[in-house]
């Protein structure tokens, strides 16, 4: 029999991983369609949490209402974000621009700029401290599974992540809109020639991805009972890492890697020390990339 | 000793045998054509020779030395340069800079030399670049961004870049694609003049006028196998080639 | 009335004007070929028709409706499909997925017919499109356009990279689908073959149409023979 | 005339500002503040230009540059405090240590391409930062290192602000000159080919992996130099200054200035250091304003304030002079 | 008469802005009270500059303050890192600097111009250790945030507890803002310590305590004055119950100066102040006192000397005296969260 101590640590590592996964799903979806890193995804997560907070303090609706309202809000947020930070850069359709690094990284910077404005704005509006939440909304009631203790939030977040992943896989593999998303991601110009409304597809993807990001924000906010303007930063980076480790285009891959990342951090705390956990997680990433230069589930480079 | 010897070269992709035990060679000064139906394995064979795809089996020797397993840039440094079927110019660089990369690749330029080096080296690279540019007639657009060139000019740009390396063997993958008949005729003259200066050339082409008109020998692939290797006239008459590739004679 | 009628089309990239008032018409069930040497603006014209570039001036009437400033997907929805230069296939998706996407709302209705035209694609249906050979990709590109049951097909250098046998079968195919009611606008470097199947042809130079007329006339025009047919009539 | 204006005058003006106007202002107003800001601009300009080499020219998105800056700062500070080695030792040692570390981490990771490379550098940066923060025995961990000994050149202490400023400006100018030679030369062309299409560059005989390792190392060297300058001008280094945010700040500088453009990197550094200072007046909103200015500049000039193409032609005309071996009317080329 | 100017560098934006904003409010309360009192025939003005807890901004601000000849003394910064980077400038220029929070052991060693108004862990650590040993807790686990402050938390505590025959069974650091302490908690639990000594700020404290409850771990937790903030109770609710800590600020103390400060603070913020605002409030007042003592000859050097001579200054955090090393000597008291309030306790 394994020492329950290790079981408990595994469970904690996994629950950490599920949180990263929740964030990574939306992040990967958005990266997929435009092939640019959306630096503002962390802020969508944060704003989602703050929207939930405002809703709770103002109307105190039931939990599910909060969740769905935040999802809807997230979708709207994604729409706005795409319009402001990404769409303007698609006005250049000549080849030099399409293949230019400068143009690609400028989109990255526009999302960074938006994220700065949003985060600083939140700090001015709410202060940078953690916000207090009504305790009955928190999803952290302990559940004992034999020697292992988890909390309600672990179950909820796991369920939500599973539903998101399943739903998204179905959407991408089985539906027309999913096929369009993949087509735009593979070749945006080609997509125009086959009659895909690329703008709408991109906006839909942003709305979907941001919806998931905002949902993740409020869930994790309620899980830890901690909502503050900088909360999106760490999960944002971890989601980015998980996505790349998984091979960019594969959402299940990103999820698996997010779990691995969470686990490796948990194990690092167990066997080494909490402050070295990052070292282990990033070391793990580097080793993975040395052996799988295209991520664990990535496609190879195109042929010459 | 031949310039390039290809021996029993095979390449498999999963279950598909893209190149299947091909043996042939290119003599110094020769102009060899490589033809075959779409998907016959021509580009794959070029990738095998130039080091982009590892061999499943067989051997490739260049100037008598085995080159399989070498990185593309090592092979290029030995004097073999190539163009690509899907044009691959450097879009956000000027035409001049594009071509200079070939010269730099061949002549080498270290970080140290770039900072403290003498002017002579840069001048030599510059001269070589101009020479290649003038050779293909792109001198006038040297400062334009490559992305703004039309398709045809890009083809010449690729050739210029390869020429700037001063190769001994030039490998051209469908150089005439996208050119009209009179442009193709110009290209044919151009390739022949290159060959006349002693450059060995191997080219893939679907334009039979070009291939039959300038090649001294034609190799035919079909489904990865070599089905003919002879003078143009003989290939043109080969029933197997007619069947697999040419269809009814034009 | 012509199915597709282009009037005074002017296209500019940034400050540089590339097309200067192009007029061209494609009749119902007609094949029109556009010839011209490299860089005269043929592809630009094709892109403008498909809504990739938005023109600076002029109009493009399709069945009498001006599509010049429409989005590309609206244009495709009207049955105007293109097999573009550079192929623009979805490299990281399988051959079959490429065709499904090409089918649009028709889905896979046309699959059998298209597969019959390009049997290679049938053998490679599960392969990533990006790993196909150049010619196979070109076939996929044309096949993808056909999947959507176009009423007018725009082909930008369809014979590029194809073996002579396949080129021949493609031109045969064009003649055949025209007889089924399709119109075709084709840009082609293989002027001989293009003039053989086209009803009318136009020659572009420097962003303008300089000669336009029945293809038979053009095939005999000494200027054309000199410039595009390699200097001698076969 | 116009050629002269475009080519010679601009760099001359910049040098004039750096070496004459700013010191003059300092002497005249006696303000340490302007001088401090100018010094900061210089250090960040060096950081930005060294990142330009990797990310702008060679096109490798580098998200961990600040870590090498940190390594340089720590090496200089630790040598100064623990080994009592002065500035003249600390400066090159900082560069070399950062370069050596970059070389070691580059060996296994430089085969990576595009975003995989980016995330690997992110990880490397974070790992180095973690080590700086937690390896208490060597780096003193979160306590940071205090460097009491000021700058001493050949036994003479350099104490006055103006002297320190001239020293920093001189070193930065020299470093940027080296980076300029690397990026504006045929070597630079090879780097750019790597960015445009590494496989094709390979076919042209360019050893892409070696080139990547080389520029990564060189860039880290100059980041290390910048670190040493920071350590010596501040007197105290702590891990917080070398985190992900600093890497992103430097990246923002080169993108806003014009990715691929060396003068752009300098402009970007000046902008993003000066802007928050200029905006001090608007109070708490100032960082929101920085974000907005950044966004607007990117929106209207997505290729940056001074885009690569115009920067290249400016530099080429300016420093390139005539191309000896080329026909005399040709002006294109590098020297 | 001419106004006397003071500088205050502090993080007003960025992710430590909550602390800087608290300091600013405290300083404004102190200043308003002072200017209303008319103790000198001139107004005092404080120039606030935002450093974002960023060393390069901190140094720039320091230069700016030094340039302004009217500024005769500087308060801040928040973190030791920024305070110390700026201190180099103040040292060169001869500007008295009084930080309300910089706790790095070397901070005051930089030069005779650096002062601080925070009890260093050299005092607080042993005090806590003695307290715990007296309660019979001999096996102790220590965790602290990975900052210079956290380092000194563990160091001084461990030294004393070892001297008193106790034992530290586990020492571990974490990064400030760690969202999930459960791995760490499980690890602590495995060591079965009698008590846990913690070096964290109130937000980490709240998370730590909540997650401890979730895991059903019931081990007494001791902490420092940094966790003394109403927010702990707000954020952790009932889970904060039982947290013991040392402080030198008791908001419900009957002393008039405390009452006045708390009342003013509640007016502005709507809640009771914690330890840090109180420290800032005192720091500003100590500085103002130095201005009074030196007026009208309030030069930087005079202010420095006046600061150094501060003796038994009656602040809200108790009486303050600067030793020869420019460190404050302060009285600590013990409090525990009982029934949702910080309650002074004897043991």
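We just call them A, B, C, D and E in the order they show up, numbering each chain from 1.
What we mean here is this: a contact is a pair of C-beta atoms (placed from the backbone, for glycine too) under 8 Å apart; a residue touches a chain by one contact, two chains touch by 3 or more.
Owing to the predicted nature of the structure, the values given are computational and were not obtained by experimental measurement.
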Sorted by label, the chains bordering both chain C and chain D are A, B
Sorted by label, the chains bordering both chain B and chain E are A, D
Contact steps required, at the very least, to link chain B with chain D come to 1
Note: chain C sits from chain B at a C-alpha centroid distance in Å of 29
Chain-centre distance (mean CA atoms) for chain A and chain D, in whole Å, is 32
Between the Cα centroids of chain A and chain E the separation in whole angstrom comes to 37
In whole angstrom, the CA-centroid distance of chain A from chain B equals 46
Two or more other chains are touched by the chain C residues 131
Touching at least 2 other chains, the residues of chain E are 13-14, 146, 173, 175
In chain D, the residues touching two or more other chains are 133-134, 195-196, 199, 260, 284, 287, 308
All chain pairs satisfying the touch rule are A-B, A-C, A-D, A-E, B-C, B-D, D-E
Listed in rising order, the residues of chain B that touch chain D in the complex are 50, 52, 71-73, 76-77, 81-82, 84, 88, 90-94, 96-98, 100-106, 109-111, 113-116, 119, 122-127, 129-130, 142-143, 145, 161-162, 165
Per the touch rule, the chain C residues reaching chain A in their complex are 13-14, 50-53, 71-73, 75-77, 81-82, 84, 88-93, 97, 100-102, 104, 128, 130-131, 144-145, 148
Seen from chain C, its contact residues with chain B in the complex are 35, 37-40, 43, 85, 120, 131-136, 138-139, 157, 160-169, 189-192, 226-231
Counting only contacts in the complex, chain E reaches chain A at residues 13-18, 21, 146, 172-175, 177-180, 182-184, 186-187, 190, 203, 206-207, 210-211, 213-216, 231, 234-235, 237
So, in the complex, the side of chain D touching chain A is made of residues 55, 59, 61, 108-109, 111-113, 115-116, 118-120, 122-124, 126-127, 130-131, 133-134, 195-196, 199, 244, 248, 251-252, 255-256, 258-260, 284-285, 287-288, 290-292, 294-295, 298-299, 302-304, 307-308
